[in-house]
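One chain, chain A, appears in both complexes that follow, with chain B as partner in the first and chain C in the second.
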Partner chain A sequence: MNAIECDGLTRHFGNIRAVEKLTLQVPAGSIFALLGSNGAGKTTLLKLILNLLRPSSGQARVLGGDSAKLRADNFQRIGYVAEDVIHPDWMNLSSFLGYHRSLYRSWDSKLESQLRDKFNLPEGIAIKRFSRGMRMKAILLSTLCFRPELLVLDEPFSGLDPQVRDDLIEGILELTAADSPCTVVISSHDIAEIERLADWVGILAHGRIVLAEALTELQFRFRRIEVVGPDVRQQMPDPAPAGWIRAEATTPTLIQFIHTQFNTNTEAELRSMFVNARIQSSQLSLRDIFLATSKSSTSTDGLLT
Partner chain B sequence: MLPFRIDFHSGEPVYEQVIYAAKKAILSGVLSPGERFPSVRSLSQELKINPNTAHKVVAALTAEGLLAVHPGVGTVVAPSVPGSAEDRAQVLVQDTERLVVEASRLGLTEEQLLNAVRKHWRKLNPSP
Partner chain C sequence: MSSFLAVLKKDLGRNWLLMLATTLIWVVCLAMALFYEANPEQPLRISLLTVGIIARVVLVVVVAVVVVQTDLIMDDRAAWRTRPIGRTTLLLSKVVALTLGLVAPSILLDTLARLLLSTSLVEALVASAATGMLLLAALLFVALISALTRSLTQFVLLTCAIGVILTVAAFSTSGINTPNMKVQIDGVAIPLRNVLNSNNPDQVSPTTTWVVSTICILLAGSFSLVVTYLTGRRIVAFAAGIVTYTIAVMAPGFWHLNLSPEVSQAPSVAPSPSSTRVTSAGKALSQLSAIRSASIVNYTLRVDGLTAGWTMDWHSAAMRIQGSNNQTILGSAFGSGHGLRAAASAAARTILNREDRTSVLIPGALSLPLSDLESLRGSTARIEGSIRVMPRFYQVVHTLPLSPGTQREKSGNRWRVVTTKRFPIGRNSTDMQLWSVTVDAIIGTNPTSRPEEFQMVLVNEPRQEMALPSLHLKSTSLETGVLRIQRTEVAFARDYRVFPDLYGGVRHELDEEWMKGATLIILSSSPGPAFTVPLRDDEATFASLPAH
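Showing the complex of A and B:
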């Protein structure tokens, strides 16, 4: 079961191709991290999914229905957290939460008081006077409490101090630990935090999906390989085999590269390719995988900032 | 509070890091047989990790016989943890491998490495 399915999803702004023929599945119950450089199309994609933008062509299906047909009633099940979506911001926290409580049939008052204790937000002042961190907490609070089936977060952590990030992450995990776990889609630049939180990863570049898969599989197949031995530079295949990126003979006795299709036979294959060499393989952090994939696609058309 | 702590480092899957820390706690006796092991929920909340990852950790440790599920009580450290010397050494396999790799990269001989290890061992365990 997928919570989100995009099929040929496309959105152009004039001649800028912000999202281009994008096909993607987000499994239900996953915490799906959407990574990409600035202008890769993350925010546009999320807005298409939520019917805040219309696709130029193609389709997104969200919780089983066409995203272009999402109505107010559907948003009883879908939460959206982004910096600029706090309304009404002239209210103080209690009135703000009271307002949201009145909108949602599934509002969980117990979760509300639990998260209010945890988030420790000021009660007496208008939300528009909140700091950025406090504002993000207030938005998250108003969203988590109706226990959405799908939670979409656009850059929730950027510019926040570590304590606030931890609070937000605990809040999100509060929702996913429930008996009927919700699907979470997070776009973020904070890859180290996302690596612990996510179990699925999608990488976006120039409006297209570079890869989308389970984090454990991704970290299995991407490996940093070192081949050490006499004269390995001379045995270096030219051109480098498919699936090797940034292959380089650093010294006559050392070849380094990132293998993107590592499997249980790879080490044996490498040993037969390089005579008398020692093969070392190590797993990559999500950050290194992201950097490796983004460096291999450097075209600049279709950028949207 | 969890009975073990993890300084997450990048480069190794989060799952492996949690498994390693939990095994170390069990086999070194920080967690004794019969003692409650943290729930999936508290692992996820305290370590700020994906609940599916936390679930996989508990399932893997249970499958290995280190944890036992007691209906109504929760997950506890197995009454007779297979804590042979070999099992306990197994916990250090990663550290040992890293040490050996670094030593050979530096061009140390086996003897030089063992001497360095012995020196540290004696520092911590002075003979009477």
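Showing the complex of A and C:
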């Protein structure tokens, strides 16, 4: 069961192809991190999913329905937090939450109380006078309290200090820890925070999806390989096999590369390829995987499973 | 429903102070109007009231823009787009917020003001609702422009742009001619530009036009807003707005709906081309003035075959004046009719039981190119062309004894005699003694009871004589929107020779005895369908062109 399914989703702005024939599934109940460099198309993709933009072609399905047909009632189940959203921020916190409370049938006053205690926001002043972090907390608070089935977060951590990031992450985890299933899609540059939070990862480049899979599988599949032995440089296949990226022979006795298709047979295959060599494999962080995929050739062959 | 109430509460909560300020300004304006009505000796401070009215208009526009732009339609960053708030709900809540915050207080205050003026509740409610409808129509337009923009600055810029476009369009289609512009010639008859033919009258009662226009504009605003909110697409919204407002502005011109009680009481047969005959009075043209390259000359028409209570005004004319040396001047004229004598005629019929005239002379101002006129000065010329005339029906509204403080009311309008006093005229202030009468008129905005024009005459019934206004000494009008207080001071002279070929009236002194038996007659006038008649070749007149 997928919370979101995109099929050939495309959006052009004039000559700019912001999202190009994108196909993606976000499993229900997952915390799906959407990574990509600036201009990769993350925000456009999220706006297409939420029917804030109309696709040039293709379609997306959200919680089982066509995203182009999302209506007001669907947003009883969908929450969206983004920095550039224009909120009624002249209100103070109580009015702000009171306004949103009256919009949602499923508003959880107990959760509101818990999160208000956790976030420790000032009550009497207008939200527009809040600091950036406090403002994000208030907006997240107004979104978490109706317990959305799908929570979409666009760059929620950018420019926030570590303490605020921790508070926000705790708030999100509070929601996902509940009995009712909640899918979280989060786009961010803050890969370290994402790694703590996400269990699925999608990487976007030039409007196309480069990879999308469970974080554990991804971290198993992507391995840094070091081959050490006499004359290994001469044994290095040319061209490099599919699935090897950033392969280089640093010295005649050392080859380093990232294997993107690592599995239980990979080490045995490498030993047969490099006779008398020592093979060392190590797990990559999500940051390294992201950088490896971003800096690899524009071709995405071999990255997708 | 809960989201509707939530948005409504939010908008009212944010703007209640501005809405209250708007209401308070209106309270002050109405209080001023009521004060002047209660104290006729006080001079009207129109400038102060104007400032109040302008301040209110500005505040109303600002509130409307803020209410609408709080939740932007043309912006995918607007928070409501990802909250459970439907587009229809949002639109409804905005319209209700504007109605509750701006229109309802206005109707309430207007009704209260009229009740304080002793108007009946029904009259007061109808008049105030009519004003409220006009305010709502204006607000819907402001809301539409606000929905198409993202800020007050953008709103102002777009409004200015629309204003410029409309002004240019109006000028380019209005047929306004400079004196040197040549009119079209088609054979002998010279067709008028930009006027409808006689089978399609373009003049209907202002009441009719007002009501139908306002309803059409309300519908156009509503439809455009619905399209704007439901589609959220700027191009579609612009197209819908342009098309619907164009239809709304044009539609009433093709709609004759008789709603005015004044018009309904009019004789069923209004003057028409078949029943009336318009000819030149055949008098010498006299030069009135010369403005830049044009000369304004006086030209008089004679209209025969009028029915009771009806007279004619000029609407416009295109003429060709051919001198004896075959030189031709093309001229044009626009309305400058005078309803005074028709008013007298109507009063004479009602009060003095006199026969109605079936003919009337209507003087007009004809604009001729000065350079062409020079060569024809002093000679005799034949005049032919097309003339558009506008019938006008007069009837007696009130008869008031000339005692200060006397007042009469009808259909939400009220007249009161304020003062009557001698008014010396002439170099020595003793040459002639006229009598001046000052009248306060409270004229409501109820479109069903607001004729286009009022006239006053004095009648001495025992003597079977009549006095017409000779001098309009002072006329001040103070209009708050809900009502107009018009203070008019007119000097009367006796004129018992109300003959068809007399214009202006001969002045005769009014003595105190005459005034003791005098009654003030208030007459209203309403226009009938205009029509065009040619001055045919066989009816062409010869007139002496003005000499130096």
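The rule is simple: the second predicted complex is superposed on the first by the 295 of 305 C-alpha atoms of A that agree within 3 Å, B and C clash if a C-alpha of one lies under 4 Å from a C-alpha of the other, contacts with A are read in each partner's own complex, and residues count from 1 in each chain.
One rule holds in what follows: a contact is a pair of C-beta atoms (placed from the backbone, for glycine too) under 8 Å apart; a residue touches a chain by one contact, two chains touch by 3 or more.
Note that the structure is a prediction, hence the values are computed from the model and not measured.
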{"item": "Combined model on chain A where chain B meets chain C, clash or fit", "value": "fit"}
{"item": "First, second, both or neither for A:N38, with chain B first and chain C second", "value": "neither"}
{"item": "Which superposed partner A:I86 touches (first chain B, second chain C, both, neither)", "value": "second"}
{"item": "Partner chain in contact with A:P181 - chain B first, chain C second, else both or neither", "value": "first"}
{"item": "Which superposed partner A:S109 touches (first chain B, second chain C, both, neither)", "value": "neither"}
{"item": "Superposition-derived angle with apex at the Cα centre of chain A and sides reaching chain B and chain C, degrees in steps of 10", "value": "150"}
{"item": "Chain B and chain C, minimum CA distance [Å, superposed model]", "value": "26"}
{"item": "Chain B/chain C common contact set on chain A", "value": "none"}
{"item": "Chain C residues touching chain A - in the complex, by the definition given at the top", "value": "2-3, 5-6, 9-10, 13-14, 70, 72, 75-79, 81-87, 89"}
{"item": "Residues on chain A engaged by chain C in the complex (per definition of touch)", "value": "47, 50, 52-53, 71-76, 78-80, 82, 84-88, 90-91, 95, 99-100, 102-104"}
{"item": "Footprint of chain A on chain B - complex, ascending", "value": "8, 10-15, 40-41, 44-45, 47-53, 101"}
{"item": "Residue ranges of chain A in contact with chain B within the complex", "value": "29-31, 166, 169-170, 173-174, 176-177, 181, 192-193, 195-199, 215-216, 219, 280, 282-288"}
